[in-house]
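Below: one structure, written as structure tokens.
To keep things simple, chains are lettered A, B, C and D as they appear, and every chain counts its residues starting from 1.
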């Protein structure tokens, strides 16, 4: 399937958090870096806008729907039938909104009027794990250059990738395994643990840091006690909360975790032999040297 | 709390209104408490998620809309995912928040949260995308008490080149403005 | 001569008269209809005086047709036909207009309901006008009952029938009878040991000369009808000759294949490949599990007849029976046909043992999260731990145990909306058994509602709380996860409005009672109905609780819906008494609703053209070909003939016949057209 | 019913075991529905002669419902299956006669589905009401069997 894969062009919706000079830019950088090696080709959707994230859906359903759906209509206009939104907040919002307008004719009409574009229901919105699983698993096996040593990874999915399951239709909401499969594919050990889909406090980073500190503490503890020495994520919010809050946690709970939190795209990139710096490994709060060093053995 | 039932009182259309706006039928909830049991933020809430549903079932509008719970809900959708009666509790929280804002009764104790949403949306409205720096500034300006909180994180972000001062405006700003105007 | 028809309109108290103007209905029935010579209304037609009124008026007014406008014919058609018969009228001239279920209960507007009622009465009046006298068909009865399923329901029913002096065939698909009750430790509400009350019954059944027992057997097909069923039984290959085997136990003691998860112990214990399911099994003779037996595995791999395999053969070697061994690897399935008069279905339930749909409870991957029946085996003195409550992972006594009620029940999101009715009680029982065995332990129960509505039941669960100290928490559990060797249970107590987190050693899921996996297929085999949850349906929940929709087939026990042992036994007794009533007669009367192919005088003989389309569609093979012969024996024509004994009166043949040569008594074309024509169209 | 508003009349041919019992259940459950239906009970939908339906139209019915047991649930094993097959043959004939096929509905309603009975009735009544009165019946006179439309009012008919 390799030749085919490379030709597959997928609309790329980065969303605000992972574009250059944003809080999670290393996610975007590594996703794009990896795709250049193993496909599929990602092309940014022209003039995309913010999906409104939790602030929109929490306070104004229609606004949230219109902001999200506008991007899908743009993608359709650009001729894509599949869009990758690496940020799960974005992919979840896009899919739910697409579903809502599909189910509610009146809402659909109102939204079409607001965005001044017809709404397509043909564009499939995918998260990053789906894209890798559907297009690039063989490629990873083929182009893997480095094999990590002693790397025990807890895959953390968070809420947004798997819920609501009936609408997102991605993996098992209680015990998803897609990211674990990818972790195994790059030669690291996938740790079985219990907090894969626990909530990290999401958007409360600023407004309710105390909540975030408690929830991330429980997650870090779960990973550490299961023997993980790194946590893989596919979500900028999860990353921010787990990466930036470890100091506060230490203050609050007296336990120092110092677990590097890495994007799954970064791990793939390291396995493919990409330069740590090009993957943004230096942009983390918790030092990632341990992870980078694990990938020093060249395969075969 | 006392709930008074007479023919005059409690002829509330609250549950009906919620259903019309969201399609959620709270009558289906049999108060098993599973939503509460799995809610990661329940420990911080003034009422448990199942109690919020109970309020709606009984037509206790004020109690539901002025609760802190609706703001503390992190939209993790754990509750809806596991509800045996398939009541969409997380989505119900969205509607209640929306109604609370419309009626101006959002609980002042959770002003941090409402202000954050405001600042966030203002940024989207203005630029079409989030400008994290300016969004943060607005939030901190409006919630001065939070100014010192996380004081060390901002500069670190800057240092790592992760906080840009120049907002990125999209071309279709007019289109975004239209959306905001339509759905005020 | 036109029929003299009487119309009797029932008020049903006010059930009908509140929303139907019964007087007007009676009046209209007469209007423009000189055939109707008498009309009246009455408060309760089905009451004694109501029936007397009917009888009296038939005689006084010389009626030869009757329409009772009352409730559904399913309720009282029989009542009124009987009454008419007593008054000397052929009962098939009585028709029912269903005013209650079809008008008064569903149309609240009185004028509307009244108008429709007038229509319904006219339709039936016109049908009655075309009714012909019919005489019941007499069929002989085979005085032998079949009981399918050997749980407590089947055992009780079989014993009741056999004790009354009739032959019973019992078919049980497992290697032993006993069903679920044999697996239980002690039973609510009295806490007597299940084995102690069950084993004597099983032995009694085995020794009863009127009962023929087929274990390791299944029903292949059921043909025929009430009083005259032909039942084909498949005796699955047991690999052991039941007549020769003495149950000496040598074989299963030597069998090297020892690590097979025992179904009887709910996979908590092991068994051998040749085995009896449990020590008190009836018959106490083994069966070879061909999937796991080394010899059969070898034969399958090499694709040779089992007898040619040289692998193992230990059981055969050790079997002391001579000169022919009791073990026979070459045995094959055997088929037996039995003639049967009436059938009791007692195929029981299945515990929801696959909890993989509960991902939030670990999806079946935690060893120490067990089901209710598994707990029964742990608590049973004859179970894999000899009655010690040890947790499966490491054998530790659980200091904190959590019970979760309504797992798989009352959970429409997981596909099951009903209440399993027994789990509130058995969970209370489990907490007691646990406290009796682990004195310092503590039991927590998460529940939504407590449903303990039987005699002494409320007292029973309160004993669990007040005397045994179980802590009941009102809320469903949202999540179970592992933390070290503990299980963290996240639940709620909605009474205090709080989240409850318990670090438990073991969790017991009170899992649902479900219909058997093959219930749907099985029901189709017997032509009985089932509900949305695949439990078999009774005809009427209150008045015909043990009758299935097929005449002569009765239901007993949990195959009809969740119930406990007292209720199961009561229902089994009721089913047995219905069967006994049937078997007590030499002949049965059957409704004469059967098809008939016309016969005419020569030279036509019959309008039947001999196409036999009817024969092809008849689901009961009731249509035969008959030669009409001349005096000299030469065949003039071959026509269809209906065997009244086999015909069930579906009318397929009549609808299929192009030459209109078959008609269905009671529903012939004239009658149906009369109904159609009588509707008042605007 | 008032002269001004069109109220369709619908004839329902039901099997005794499933749908008739389902309609009874709707009654027992006091579920209200529209009063436009007149039920004719037969042992099985497989015993319905297509000419019954033609006759009903000819007499002035505006719509027809045929309803029996779910596939696999037929009291007579396969009756409903035959009914379905017969319907497949019959459908083109209906259209040939100029009858809008929406005037006939086939459904499966079990004895447990009182609610479905109510929904089905309300839906067919609404559908047929929207279609308006059926006025093509006089054209059918040549097709139906030889029973005069006057039978109902002809009491002298012998029994």
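Going forward, a contact is a pair of C-beta atoms (placed from the backbone, for glycine too) under 8 Å apart; a residue touches a chain by one contact, two chains touch by 3 or more.
Note that the structure is a prediction, hence the values are computed from the model and not measured.
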Going by the contact rule set out at the top, which chains touch both chain C and chain D?
-> none
Looking only at C-beta pairs in contact, point me to the busier pair out of A-C and A-B.
-> A-B
Centre-to-centre distance between chain D and chain B (centres being mean Cα positions), rounded to whole Å = 53
List the centre-to-centre spacing of chain A and chain D in whole Å, with centres computed as mean CA coordinates.
-> 57
Determine the centre-to-centre distance between chain A and chain B, using the mean Cα coordinates as centres, and give it in whole Å.
-> 23
Which chain A residues reach two or more other chains?
-> 173
Sequence positions of chain B contacting 2 or more other chains = 78
Two or more other chains in contact with one residue: find those residues in chain C.
-> 360
Chain-to-chain touches, reported pairwise for every pair that qualifies = A-B, A-C, B-C, C-D
State the interface residues of chain B toward chain A in the complex, per the touch definition above.
-> 22, 40-41, 44, 72, 74-78, 80-81, 88, 90, 93-95, 97-98, 101, 112-118, 120-121, 124, 128-130, 132, 136, 139, 146, 149-150, 153, 156-157, 160-164, 168, 170-172, 175-176, 178-180, 182-183
Within the complex, which stretch of chain C touches chain B?
-> 360, 406, 410-414, 448, 474-479, 490-494, 497-500
Chain C residues touching chain D - in the complex, by the definition given at the top | 1-3, 32-35, 65, 72-74, 98, 100-103, 105-109, 112-113, 115-116, 119-120, 122-123, 126, 129-131, 520, 524, 527, 529, 531-532, 537, 549-550, 593, 617, 619-620, 648-652, 654-656, 664, 667, 669, 672-682
The residues of chain A that touch chain C in their complex are 172-175, 194-195, 225
Chain A-touching residues of chain C, taken from the complex the two chains share | 359-360, 363, 481-484
